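Take a look at the structure set out below.
Chain lettering (A, B, C and D) follows the sequence in which the chains are written, and residue indices restart at 1 in each chain.
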Amino acid sequence: MRPAQIYTPFATRVRELRVETRDVKTLRLEFEDERVAATFAFEPGQFVELSVAGEGEATFCLASSPEETGYVECSVKRVGLVTEAIHRLDPDALVGLRGPYGNSFPLQRMEGRDLIFVAGGIGLAALRSLIKVVLAERGKFGSILILYGARSVEDLVYREELEQWRSLKGLKTVLTVDPGGEGAGWKGEVGFVPAVLERLKPGGKNSTVVTCGPPIMIRYVLATLDKMGFDPQEVITTLEMKMKCGLGHCGRCNVGPLYVCRDGPVFTYAQIREFVEQII
Amino acid sequence: MSEKTGDVRQAGEASAKERNPRKLKIVGFLCNWCSYAGADLAGVSRMQYPEEIRIIRVPCSGRINPLLVLKCFQEGADGVLVSGCHPGDCHYQEGNLYARRRMLVLRSMLSYFGIDERRFHMSWVSASEGKKWADTVRSLVEDVRAAQAEAEAGVPMW
Amino acid sequence: MKQSGKAAQDIGNDTGKTAMSLRKIATELLAKKAVGLVIGYGRSPLGDAVPLLVRRAEDAQALQWNQHCTYNLVRYLTDPEVVGGPEARGGGDGSGGAKSDSGKVAVVVKGCDLKALLVLQSENQVQRERLTVIGLSCPGLTDEQGRPLSKCRDCPPDVHNPREELCDLVVGGPVSRSGSETEGQQARDHDFRDVDEIEALSPAERRVLWDGYFARCLRCYACRNVCPLCYCKECVFDQHDPRWVSPAASVASNRSFHLIRAYHLAGRCVDCGECERACPVGIPLRRINRKAAKVVEEGFHFRAGLDPQAKSPLVGFADEDPQEFIE
Amino acid sequence: MKILERKALADFFNDWLAEGELIAPVEIEGRLYFRQLDEEKRLAQLVWPVGQPGAAAPSGERPKAAPADTLTVNSIKEFFFPRRQELYEQRPEGITSRVARDERQRLLLFARPCDTRGLTILDRVFLGQSEDQSYRRARQITTIIGLHCLKPDRHCFCTSLGGGPFDTEGMDLALTPLDGERFVARGISEKGKKLLSSLSGNQAGDGERKRLEQLRKAAEAAIRRRIEVPDQQAMAKRFDSPYWGEVSKTCLSCGICSYLCPTCHCFDIVDEGYLRVRCWDTCSSDTFTRMAAGQNPRKHKYTRYRQRIYHKFSYFKENFDTYSCVGCGRCTRHCPVKIDIAEIVNGIASTSARDPAGKAAGFAGAATTRPVRAGTKSTDNGAKR
């Protein structure tokens, strides 16, 4: 079910606006039109354009699992005009949604492999959908490590899920916070994500790494993985770049011959190695 | 503001309906110390004046960036008023004197581009001038209405 | 070190001689490392006059001076990617101004350009002691078709011969132009005939006139970007929050754009005419800026670009300011 | 191939105006612009091509001599990809599309080969993956009568990029002015052929064909500019060259080059109250890639200028197998500081090369030793704008 015009969004309603941290909320949206709700499908890694009346449109990755039907979720960090407007939305408010756009994580290729998820801050939102799918089909994958860091304990998102993942067997979840962000009673790691990654020395030949976080973190994680000898083909990241159309037309997210919105946002390190300095 | 000028509001509505079916949208930027108090006085004194003005209280007329005025016009205001303290009375000594220069340039440019200058007023209204406030709004509304009537059909205000 | 030439009879010869003096001066300045950069005029492979940035003495021979050197090079003095500054990082060439030999810059200015420099000085946007200002006496410039530029027709003598006390050196002057002394004098007494013409129209006629121009405006921002006085780090038209004026070109948003642009230049614009020259769709931008200048001159008795100490009249006031328009 | 009298064409245009719209070059204050002809002034505004170089203006109803600059300031792209286009209205109550559907048929007159070729390049973007329906609609309702170029100017370099002054790509019908009064007409597309058969005129004879060939040769010879785009590998190796800093130093980061370009297609989507509109945007502006939190991957103007060149001559080529430049010369002609795209592209090859693979390794190696680089601090905004 596609809208009549490529830029016209689907109408959705706010069902829930959950507070994650002081500046992150998770938005649950339900489609107004039942036919859209029934046919809207996406893959982990894809993104949507959300719009608020009179405020504008912005890009968000889909953070819910494709298996959860009837609604979608996006986690929104308050940084600008649109994100602030989203944080202020009332229950039942109208939100425009265009998409899903972009490619997705290569799930099939990841089957049978050991998976290492490395996320920082709100970057976990981009991996949450994938992690949910992977956990739902746990048997298809090898060992799983989730390394997640934030500036401080208060900045960790998806607390309940983190707890749940920590309690699962055959899944290692390591949480870390930046030095100074630990607070009393913190039992996790302290240190920047790339440093903790280096300390943990995970993986081997059969590992695939999926990483997302602030540009500076991705930069150093990629460099660290390089140093640790990971195959750039097996290092997967999802990029953020200013986007408007989501369709590879508006030119904003063009880097090298790639359009982050159309050819990405999911790339292997091998694909973007040459352009990485231009993006992050 | 509205609750303080409840009676005025109804009176204004009735007269507006008689003259013109379309209600005007006029924005007034009033300084907190003089003009806003003057408008307040007009309200508590139950003076009658048209209700088509929507008041935005600002600390000082010197705070009014011309961008604010243009934004009003762009978003569909039919008229804009900037009102501050009389020269010499500014709570911040001289904010209104800066405003005087700025609004002169703004008004001249509006007029130069063919925007009817009757749509943009500036006034000095002190805290004790409730009557002057009512008169100011009345003449403003009349002016905007006249500008509206003379405007060529099909030409948008902005 | 003042270079003097005789009054211009033959523009061609005189500009040629001036160009030679310029090259000599630039070569010396760069060779002595008195400056690290000379901003002057050059020639493109197509034969057009272009702004030229010279960093090495041996490149100074490329400097030119002719009737098409319209550019107001003062524009580049606030561009950190040209002259350096704490935030400047050159384009990977390492020759960004911050690293230039002495960090000092020489700039070639005509009299009309000089006025813009004075405004930048008064607004603390340049450090005058880091500049070597090379004034050029200007016999008047022409457009590509050889017609005199409109701004040059009214140029008074103290502008086509830049004021020596404000330059470090003056090249090629003084020039006199037949007829322009008296015309210039008239222009000084009453500068705004072009504005008066438009004011004489009815409001409806003015609306039609300007809306016609605004309908053409592409919002390419060339007028803003070429302006030596539009140096704001973040322009109001680039702000997203709040978005004061839509970036989408329409008569309504373009009217707001041009009004605010003129307002921000009121009491500052020195009428160098660069905006009008740059405009690809021929909007008479000088007539907009000069309206604001007229209001400032008549209302506040101020003319921009005469005094490096003078502040813009819109950051001041006077007790006797006009207020007939206020109720 | 037919010979059409100017009178016959004028009659046809007038007939068309009864039902549809006419877009044609119009003279405004000494410059030509493509404009939709006014309902009232109609053909009186039309600037007829003068014919062979040096020929006098045609006689007839208020003819206008073409100004010296005979290529229009604007390209024809704005009639397909408008400067500002309302997309939809989003109110708290609901979403309503604003894309108009009932446009009248349009005839686009006297488009030059560079412009019509530019349109075929835009087609690859807007009619390729994720077709843009409003662009498609604009293409469908427009019939393009092209005009061969007899007097290219010193900025033109279409012949280096697969086009030419007598090119017909993207036209429905092609006209060549023989003199002020007669045109050679050729149907190019099916639509154009059908149209031509409905117009009265004699078949072109040998003499006219010969004349046409002479004119073509003269026009092609008049184009003296060349642009030599280095091969893709050579381009890639110059990406990091200091060259880009040098050639872009005087750039003012305005949008003239992009907005007048027949192939530049970048846009923005913005809100005007409850309206969401699409409008042109330019990669030369530093706001183009600046994100909400302030970080900007193309903060410096050399990175933006480089992006423009690489997008046209490298990335587009890789994605669509053609350069997104048609050699119309507008960007150079109208640049306020005369930055010359052909000169800059021609200079790439002679700058020193650097292996992009080596660079990538350099990045990975350097990241651990080099502290935070520019562009990661949200308030760090070094470029002028």
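The rule is short, and it goes like this: a residue touches a chain if its C-beta (ideal position, glycine included) is under 8 Å from a C-beta of that chain, and two chains touch if they have at least 3 such contacts.
Fair warning: this is a prediction, and the values are worked out from it, not measured in the lab.
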> Looking at B-C and C-D, which one has the bigger number of contacting C-beta pairs?
Replying inline: C-D
> chain A to chain D: how many Å between their CA centres?
Replying inline: 38
> Between chain A and chain B, what is the separation of their C-alpha centroids in Å?
Replying inline: 50
>> Taking the mean of the CA coordinates per chain, how far is chain C from chain D in Å?
In response: 31
>> Two or more other chains touching the same residue: where does that happen in chain C?
In response: 240, 243, 253
> Residues of chain B that touch two or more other chains: which are they?
Replying inline: none
> If you look at chain D, which of its residues touch at least two other chains?
Replying inline: 268, 270-271, 273, 278, 281, 292, 303
> Could you list each pair of chains that touch, in label order?
Replying inline: A-C, A-D, B-C, C-D
> What does chain C use to touch chain A in their complex?
Replying inline: 240-241, 243
> Okay, in this complex, where on chain C does chain B touch?
Replying inline: 195, 198-199, 203-211, 236, 242, 244-245, 252-253, 255-256, 258-260, 262-263, 266, 288, 291-292, 295-296, 299-300, 313-317, 319, 321-323, 325-327
>> Show me the residue ranges of chain D that touch chain A in the complex, using the header's touch definition.
In response: 87-88, 90-95, 97, 99, 125-126, 129-134, 236, 265-271, 273-274, 276, 278, 281, 283, 288-293, 295, 297-298, 303, 307, 310-311, 314-315, 318-319, 356-357, 359-360, 363-364, 367-368, 372, 376
>> Looking at the complex, which residues from chain A come into contact with chain D?
In response: 3-9, 11, 51-58, 79-83, 93-94, 96, 215-216, 219-220, 222-224, 226-227, 240-242, 244-245, 247-252, 254-257, 262, 273-274, 276-280
> Which positions of chain A touch chain C when the two form their complex?
Replying inline: 80-81
